[in-house]
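Below is one structure, written out as structure tokens; the observations come after it.
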Amino acid sequence: MNEITILFFATMRDHTGERKISITVPENTQVSSLKAILAERYPQAVAALDATLVSINRDYAFDEDLIPAGAEVAMFPHVSGG
Amino acid sequence: MTEFPTIFSITEDELDLDALLAQITLPSTGAACFFTGMVRGTTRRDGLPPETEYLEYEAYIPMAEAKMKQIADEIRQRWPVVEGIAIVQRIGRLYPMTPTVLIACSAAHRDTGVFDAARYGIDRLKEIVPVWKKEVGSDGETWIEGGYIPQPGE
Amino acid sequence: MTEFPTIFSITEDELDLDALLAQITLPSTGAACFFTGMVRGTTRRDGLPPETEYLEYEAYIPMAEAKMKQIADEIRQRWPVVEGIAIVQRIGRLYPMTPTVLIACSAAHRDTGVFDAARYGIDRLKEIVPVWKKEVGSDGETWIEGGYIPQPGE
Amino acid sequence: MNEITILFFATMRDHTGERKISITVPENTQVSSLKAILAERYPQAVAALDATLVSINRDYAFDEDLIPAGAEVAMFPHVSGG
């Protein structure tokens, strides 16, 4: 099992009600599986999790990407800086 | 080869254009193009309040700075004659008419792509730098969302 | 219609980009593009000294300001959505790395032509605004001359 | 006869050795004739006068333009601001 950190920003923070959590996931967990795990934990955030952008260790990540041990994962909506 | 300055930061402080220009000016520099974004107080858009009281900006700071660095690298690859690059995003509560973001590129001359490079920089910032803003007005709060989906490797 | 600010001046004072940006920012303004020119200390050109000690700028001030006003009018004609325009030329003895000239155009959004408008502004300034500079270096003085011949009506 | 002012800038000032002069010219003097008058006055500046830019009352002027009474004429090389 791998311990990972998940950060939520903007609307993802609003939907989950969390800013930062630590969870344990099986080794070789894909981003898509992590979203499924979180959908169970935050049922009110299912639609948002479906559309969320994801980063792993500060790089954009995608459904098939594997989450390494100790990863800093972040979930957030489309960016809108400027 | 001269070391060309690259500045990228997320800050809660006021932007200081003159100081940033000085930081990207080398003895060989003769031209710079800046883009700045400001909070609009009045905007015509369907379904949103017409008057903005303020915007609340937040960022995933370490990733945002990494992506700014990446944009600077992309600019240098496309416009190798660019000398200095500054990319700064201000966050926090920002009121109308306040500068929020700056992209500046310097070079020896104006016909070197500095205008295109600065334009590219702000376009990319709005695509891949993890910053978000919430508009607060008389009718309540509205998150503003971009429409870009980063691709693998971005 | 809102009165859009137009600033044009010949000055011996340091350029203050932040103050100029504030002067061309209206509640409806969301974007600005600046061009600044700086004195180059090192330039590779045949027949000229490689190191510039300073440039000495002079202007025919009232005509220069009239031509800056004309350039602002031309910009508004070509890019009617431009809101604020600032055109400032500094004169006197100016040392390497010093900003000498500024053209800034503001508008609601960045995709309104502000980059092209600022580019047009500096190109036109170098064509028709009566300002001249003399390069002073280790090898003596050299007047720098442009190559543009104004046409009737310009 | 018309009294006019002539300003010299940059290299034109160097060539003529003057910054500002007042002279009297016939009515309906053209820019080209004024250059000829000045060429006689400043023989060392003949080549420069041939290439000079000219303004009348702060607008660019050309060889055939007439110089009105009281005009502020200026002579200067190609501009090089920025």
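Labels A, B, C and D are assigned to the chains in the order they are written; within every chain, residues are numbered from 1.
Definition applied: a residue touches a chain if its C-beta (ideal position, glycine included) is under 8 Å from a C-beta of that chain, and two chains touch if they have at least 3 such contacts.
Just so it is clear, the structure is predicted and the values come from calculations on it, not from any experiment.
Centre-to-centre spacing of chain A and chain B amounts to 26 Å, using the average Cα coordinate of each chain. Here the spacing of chain A and chain D, counted between their Cα centres, is 74 Å. Chain centres here are Cα averages; for chain A and chain C they lie 49 Å apart.
Multi-chain contact residues of chain A (touching two or more other chains): none found.
Contact with two or more other chains is made by residues 37, 122 of chain B.
Chain-to-chain contact here is organised linearly: an open path runs through the chains from one end to the other.
Chains that are in contact with each other form these pairs: A-B, B-C, C-D. Interface residues of chain C, counted against chain B in their complex, comprise 15-18, 21-22, 25-43, 96-97, 99, 106, 108, 110, 114-116, 118-119, 122. By the touch criterion stated above, chain C contacts chain D in their complex at residues 37, 57-60, 62-64, 66, 89, 100-101, 122, 125-134, 143-152, 154. By the touch criterion given at the top, residues 7, 9-11, 14, 53, 55, 58-60, 62, 74, 76-82 of chain D touch chain C in their complex.
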